[in-house]
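Comments concern the structure below.
Naming follows writing order (A, B, C and D), and every chain is counted from residue 1.
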Amino acid sequence: MSTADGSRIVGAIRIVIVGGGRIGQVHARNILMNGAGLRLTAIVEPFPTESLTSLAARADVPVASELGNWLAEADALIIALPTDMHEEVLMAAAAAGVHVLCEKPLAGDLDAARRMIAAAEEAGIVLQVGFNRRFDHNYRALRAAAANGGVGRIETVRVTSRDPGPPGIDYIRQSGGLFMDMTIHDFDMIRFLTGDEVESVFARGACLVDEAIGQAGDIDTALVTVRFKGGAIGVIENSRRASYGYDQRAEIHGSRGAAESRNDTESRVTISDASGVHDEKPLHFFLERYRESFVAEVQSFTAAVRDGSTPEVTGHDGLEAMRIAAACRRSLESGREVALSEIQ
Amino acid sequence: MSTADGSRIVGAIRIVIVGGGRIGQVHARNILMNGAGLRLTAIVEPFPTESLTSLAARADVPVASELGNWLAEADALIIALPTDMHEEVLMAAAAAGVHVLCEKPLAGDLDAARRMIAAAEEAGIVLQVGFNRRFDHNYRALRAAAANGGVGRIETVRVTSRDPGPPGIDYIRQSGGLFMDMTIHDFDMIRFLTGDEVESVFARGACLVDEAIGQAGDIDTALVTVRFKGGAIGVIENSRRASYGYDQRAEIHGSRGAAESRNDTESRVTISDASGVHDEKPLHFFLERYRESFVAEVQSFTAAVRDGSTPEVTGHDGLEAMRIAAACRRSLESGREVALSEIQ
Amino acid sequence: MSTADGSRIVGAIRIVIVGGGRIGQVHARNILMNGAGLRLTAIVEPFPTESLTSLAARADVPVASELGNWLAEADALIIALPTDMHEEVLMAAAAAGVHVLCEKPLAGDLDAARRMIAAAEEAGIVLQVGFNRRFDHNYRALRAAAANGGVGRIETVRVTSRDPGPPGIDYIRQSGGLFMDMTIHDFDMIRFLTGDEVESVFARGACLVDEAIGQAGDIDTALVTVRFKGGAIGVIENSRRASYGYDQRAEIHGSRGAAESRNDTESRVTISDASGVHDEKPLHFFLERYRESFVAEVQSFTAAVRDGSTPEVTGHDGLEAMRIAAACRRSLESGREVALSEIQ
Amino acid sequence: MSTADGSRIVGAIRIVIVGGGRIGQVHARNILMNGAGLRLTAIVEPFPTESLTSLAARADVPVASELGNWLAEADALIIALPTDMHEEVLMAAAAAGVHVLCEKPLAGDLDAARRMIAAAEEAGIVLQVGFNRRFDHNYRALRAAAANGGVGRIETVRVTSRDPGPPGIDYIRQSGGLFMDMTIHDFDMIRFLTGDEVESVFARGACLVDEAIGQAGDIDTALVTVRFKGGAIGVIENSRRASYGYDQRAEIHGSRGAAESRNDTESRVTISDASGVHDEKPLHFFLERYRESFVAEVQSFTAAVRDGSTPEVTGHDGLEAMRIAAACRRSLESGREVALSEIQ
């Protein structure tokens, strides 16, 4: 195990989480449950909620109002802040030779993302972007099926991603829009599943779930058609609301077969009665559905930190997903197909 | 039961099938198996295959080389001819007051389709178009789920339609192209499932299955994004080849739920062994998958003939599917979204 | 095609159905729909219901009050009478060299069954017993999986058979008891699926569905454990009522794998909503679930008549199922395991 | 939180694991991963394997060759020893007022089990028996469906339990036989699922998987028919080998519906290709399938320790499962049904 400057890290990897909101707390719990090898040094959060305070107290972890000197106590940071604050913290981490796992989207704009990537490269730190779904058991199995050639040459791919319900309108307003906030996971997913790059997109969106979202200038339903450089085509289906819960599926169709990933459920119990044959709804939302993928994400990140190896999700991956999101936005606004090469 | 001119048909409905190829023979067998109420008077086929000759002999049905006087012996025609011959036969039937079930697509071009519809209306005959999938048990149940409000207001719809393998290149050359030949079923299906009309389409196609199809100027893989007048959006996935067989699925997502129709199989037997848990492939192709829908289609047609009622699939339905196909072709050629209003 | 005495049958096989109740009418319709090759000569029913009269009128088939001279007009009989009338009609048919498809159970007692088998053999007629489930697509696929060695050496087999609801108490009283009336299908099924013979049974029964059934001296719920001569063991689960409908499943477990047959449904549509993910109930009852197996049963029978070959379900099969039913009854009454060799 | 004598436990619950084999190590890892609240004080194992030594070293937990003074350092013991050593350790724990989670089966014979239960009661310690499957997500959901009345009055229950392959013959020889070693989980499960007590059993067994098992005087395949005091009947299917892996299913059928629990898989990915539609095999074996149930089991146990409440699986539950196993053995040997009242 080595630091960015090549010196050895002695003992457990010391992690500081910057941002103590919902995702920050998820990472905190996973590190605490991880047993030996990782140490949660501090959580930086100027406005701690009661749930954060309570978690920190039980685990005997300090909650700091600013990063400050804690950077010197850290081998790695997890950045779980609002997007527009990512760059500043990353720059500080890079300057200190501290590795970073940064939540998605990587940055507020493409230039910032590029500066962050450059800084991380120059500093020799690991920069991993928080596309946790790459670590999900279903998507990993799906990609394995594709990567092992089980489906032959990929021809079409489909990702269905629907939230159980829309977030509050305040969240929508500062979210960067559906594509940058929600679909960005799916943009990364189609790159992950196909191992291919996007050539162009055609995005169609609508406001069908909540009028307030439309009034805020956003959409809540989208269909994105994608053309890949390798010739395949794909589609992403999005909605901010599915009455039956969190719908997270994908399907790859190739020359020799197809592979499909369905929703997880809490149990495999089926009930048959006079009104039909009933299965459970999908797991409620991302905290339940991707519970283990968040654990595996941190394990993968800290393994990269230990080995000094390339992380499974790079800054480049973070940037590419942002470029696709930007292309979709332009497509939606212009009503035409947009080549990714237009987005610089 | 009455004829087009209001006079009573005495006894069984006398049907003449014009065109004795694969589909013509399917209709012939279904009429013969239908028991009382329908009579297969003749099959018109100038170049009968051995299988047609054998079928006709077993059933004691004459095979005629031309329609000619058989029109006078018919209450109804089933037109199972190449598309460019539909108009001529329909016109003769209309002139004779004989009802028509016409295979899809309705006509070789939009003007011909319009002339056929006008002639049928003027003559007061039933004109039903052969979108047999509307009579399929799965799609009927899916539409019922939607129509009964079980899914609430429809927001997105998806139709997946993949053939087990591409037809011969000669067929491709005279097919009218993927959209007019194959996707046309799906264009009708999205109208059927949603009860809504198409506002615009964006079509993306590729030649991924067989280079010869591309050399013939056609595509073999398509993704069509659809915007409906009512605000919903949809996608159609097409391929001329699925290694696992005939893939015929659809999904409707609405404000209160989603309904999904999966593939039929020959049996419901699952085999578990050291290599996994194995289910059967989908039923092989349309003759197997839609076997019962062809039966129900003729029953529905003859019921409309009996009642003098509007058929379940009208000439207008046939025309609309053709217009959507034409819009998709223009979209594919122009690389832009095409409004259906552009197609006159 | 030949008659029992070796002379040729000219033209279609002439069939007389003896018994015009529910099953008799099912056979009648299937023969009428079968097209060429079979002719329904008459239906013998002294007390025709309106539905029988109407069916016969539409098909122009005479309804006779007694078999009488109709036997001379028949190549084959289908016996769809109360069990205790089977022997008399079979004997008449054998004497006239007329082939027989006899509904289950073959006879009212084992001696009668043996006399019927002997008479049929002596007369050289085909005697097929109405275990229609052997012709069901699911059970055929299950047996094929087993017979092809796909599951290796069979170790355990399970048949689940539950009716949607109990028949009227009058039916129960003359039914011969659950084992002889209902489970008899399952006794035949385990012999069919395993290709093995039963060594012994242990039957456990209860009256849990309807007290009146218990008062009539019968049970409505049963678990039968079976030991096969070949070493495998099996279990049959029965109930006269399943709130979710007609439950017809089976599972074979062998040294190399397992094969499982699940319930059929009307469609493959799944609806997801706020209360869960819902599939359809199984097809309602045997008329729906085994619709096609009744068709295939008559086709198999008439093929045996044509070829003079051994039918797919023999009189011996009918007798063996009765012996197993008798053994179960004895086991239930005695509370001990009963060897099939005890039942002579 | 209080000790058995009513005094307060200060800080984390101190646990000593007695027995460092496979199961002992599972518990060790789960306690280490549990975060705050539990402390693994020591593992007692006279013959530590390398995997145990390595685990203990990483976690900085001492491995002791005998319990000795460690008892004084423990609030609770987990007994993961060979069955015939359970009593001695439990007696020591009871004498010291230390709570016990004891692996199944509770004891080597019924008298020992009774002595253990009495000693635990007298000492006022929590005695929980290691029927971990009660904490499995699927069985919990199944029981909830039954307990909530979703299936109405329970009429039949079925538990299918097959191991992926037989253990070594040395294990078989000291296992106490299939019923006491393997089926004992299922005996507990049918009591758990139904909330009912067993009235009598009829057991049928065979040696079909491995002749050596038969030569060792045991069976490897079993069907147990159960009659419950409340009137329901049930069946347990067992095999020491399933080619497709670990088969753990159950089904409850009641007056208002049925509930069925199927196998877990690593992912929900389905692959369709020219040879069929393929799902994954069940999770490999109990360490994978019941991974989370072992975690929940210890949480439940330590919650009972904290609260001084009755554990979710009591010593009585452990005894009852043993009595059913003994009844099955007697049934198998005698070929007759055995009432549980015969087993004292």
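The working rule: a contact is a pair of C-beta atoms (placed from the backbone, for glycine too) under 8 Å apart; a residue touches a chain by one contact, two chains touch by 3 or more.
Owing to the predicted nature of the structure, the values given are computational and were not obtained by experimental measurement.
Summarising the inter-chain layout, the chain whose CA centre lies farthest from the centre of chain B is D. The interface with the greater count of contacting C-beta pairs, when A-D is set against B-D, is A-D.
If you average the CA atoms of chain A and of chain D, the two centres end up 39 Å from each other. Chain B and chain D have CA centres that are 58 Å apart. For chain A, the set of residues touching two or more other chains reads 242-244, 256-258, 272-274, 280. Contact residues of chain B toward chain C in the complex are 32-36, 58-59, 137-138, 140-142, 145, 150-151, 256-264, 266-274, 280. Residues of chain A that touch chain B in their complex: 152-153, 155-156, 158, 162, 202, 204, 206, 208-209, 221, 223, 225, 227, 231-235, 237, 239, 241-244, 247, 253-258, 335-337.
Residues of chain A that touch chain C in their complex: 242-244, 272-281.
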